[in-house]
């Protein structure tokens, strides 16, 4: 059945975002410190089929999955981990709705007790066509993940400039490469009063060929840019570094440092 | 009696801002994820009369209300909730004063233990006419709530551009629609040295028809824009998300994720 | 004796900045929510003489004062209050040095347990003339306090624009009014490669008439602007408000709110 | 042996960055509050040889060092200090890779319990030449440390402007002065679509003369600028100050302040 809601169904949001596994070839390996290390080597070959299976699950399955993992996620909080936040910023227009939600970066713990960024965060864009007055059909939504560099592109976009991002979820994943093609276009409105966001998806595997348009006013775009500039340092992990700056620690370790100094202007 | 104070009377501030229920049709439902879900459906029809009753209360009533709820609010802190902060930023001029104060977004807790943004925060503008040297009559103040998109409008306003916001507290609330009309205009000063803020209110229910003007220098406006850019990510809940990024958590859950991954570039 | 140091002597820094009482008439009362309330009324008349006595103390006195209050300040930390940070950002040039240090805003606790901003923070500029190679005579320093609006002025200053701030510590303080005059000028360098900061002080009470010039490169100025934009929301207390946004709290109080809602678009 | 990795070998990252001792004469003493105090005097003369020894250690030595100090660093965390974060932001291109990582400022504790910034943080740039498809030879990397002012230079760089930074690790360190010369150039790409980063290193001590070029797109540069603007207030310690603003403290101390007030507009 197709759902008519003004906002993405909970089932979508209730999937713990940290389950996210990265599959878009467009996301530069260049954004993953370990990208071509054995870590990445290990997981990449295993994913495609799993992804495919997951991807054709119906919303209902998502709902069941939610039930299934509900305990684990709440117990997570019992474990004292910080609660998750769903903060999709939505823009609703006559013919479509757009919800933009940040996704956290990923870290691994090192033996030393330090943490290393292994994957940058991103922005998940969800486009849903209208299905009535203030009703949107989220069962027909199309999604697009904006990488940090693509965010940088939007943030530095001149008032009369356009940009286009091409994603192929199967790029470099063998026979399905090229069968799914997503294009996000951001263009100035004719009267220069704002921007047009257009996501078009060609999916030959499911015989889907859709295009969603949504006009973004200058004011709405300003909100997005302000929010993007805010979130960017968090997506690349620099805020985690910044929050770890503790004068007390620094001080203690400075005293120790003469013991084994280093020269960062000198590498060999 | 009318109070002559250089700042809004405590009674105004001492109303816990989280009591705020949103009633301005101008505030885009598009900014509320649950806007046309049953959650909103439940509370909206009940409010209009309550609002009207509240709205005609005198300042004195506010004062009593303050007394009434004083304990509960202090006990809140006893309960370990974070204390409230009143941080109105004020600009005082010869003929009027303007105080701008941020209002926090609202969240709901989900069974999973996660939190979901249900209402974006906003900025409360309070205009009071002068009543003597450095004296302002806050009993005659007029207020205007700036939504996130309206903030975006101001933040992106060119030095020679103007903007205008129309609010009708009763829009879509039946017979009173159109009886109260608020217009906030922001225009460049003739000599381009700053801006004019003008709030005009026509209230046919109370036979009020007022207009408050206050000139804002370029420097004062720069402070506002800097403050607006800072607060915006907090109003849309993105800072709450950002603060919840805990490498430790992410790391633990990353290990679990291969079990039930997801592909966000794929929706059906 | 006059001290030759490359940085402000500890004695200066070691005075707990929270001792700061505001005496510069240039600091707009418009920046103090309680400015013309009885609170301000109580303390202002008492200060001038005390200030005068303090102001003529020699550095040595400062040193003794440091010793005297050393315990109290460390015991403060024992009391679990957050430690103080001295983070003067310094620019050293051939003929003078400039150190800029933020000063925190002030709050009062309300019966309700909430906090109210009573005084905005500011930036303390300290200019010291050179007294040799990389030696600066901080005993001859001149200071200037930048208010939030003055910071807004600098932040919005065009590359070819100038600005000038006039301070009279005794303005409106009776017979000494006009006897001390401070002017801070910021002008573009002839070749447009940066800015000139010039502080001139005429003090008829001490027969002082000095002027300190320091050139700031475009890059150094960019650092200042970036730092000023960062600190501004902290100086007006908005970051304290932002940090107090706790979804958990908001959530609990939201449930309560239908009991006694309010309409902020409606004031009378 | 030379390592072919797409990212800096762990050995590099696993050296606790707080071991960093500052040796680049380009880093303005003017950025160190204590620069010409005895503190700096004590350590500078001792370093050069140590540095030289360290600098010629092979990666393997780094690895052993890592093992040696692994315990101490993990025990540090056991001591409850905040964990370290490795958040290098990387840009990988055909001929070279660039990783940029922030380094924390340093503080000293004062008897009073307060903290004083003694050294500003910086950005460590690491350039590695390509050694195959998505393979980079980090054993041949060249590093460059960007000071706060140099960051300000990049942040304020016009779209068609260039800049150049010269570093001599031995400047003012005697006979080796001038024997190592590093130049970082940032120039607009011919078509104005981005920037060229070029690091050239002449090391007469090791007969090294290398130059690494890497093109940075407009979008990638926008990400860097956004990240630089974010991190800058942390590098100069202003965020540590900002985080220490506690209304509760301020309030208690305000009450005490009339006892021993001060006038910051008055210095002698």
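As written, the chain order gives the labels A, B, C and D, with residue 1 at the start of each chain.
Note that in this section a contact is a pair of C-beta atoms (placed from the backbone, for glycine too) under 8 Å apart; a residue touches a chain by one contact, two chains touch by 3 or more.
As the structure is a prediction and not an experimental result, all values here were calculated from the model.
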| item | value |
| --- | --- |
| Copies chain B and chain C touch via same or different residues, half shared test | different |
| Fitted rotation between chain A and its twin chain B in degrees, CA, nearest 5 | 90 |
| Distance between chain centroids, defined by C-alpha means - chain A, chain D (Å) | 29 |
| Centre-of-Cα separation between chain D and chain B, whole angstrom | 41 |
| Shared interface positions of chain A, touching two or more other chains | 83, 85, 107, 115, 237, 239-240, 247 |
| Residue ranges of chain C in contact with chain B within the complex | 28-31, 33-37, 107, 110-117, 148-153, 155-156, 229, 232-233, 236-254, 256-258, 260-268 |
| Residue numbers on chain C that touch chain D, as the complex places them | 5-7, 10, 13-16, 18-21, 23-24, 43, 46-47, 50-51, 54-56, 65, 69-70, 73-74, 76-78, 81-92, 97, 102-109, 115, 118, 121, 124, 126, 134-135, 139-145, 167, 169, 180, 182, 206, 208, 217-223, 226-227, 230-231, 234, 237, 239-240 |
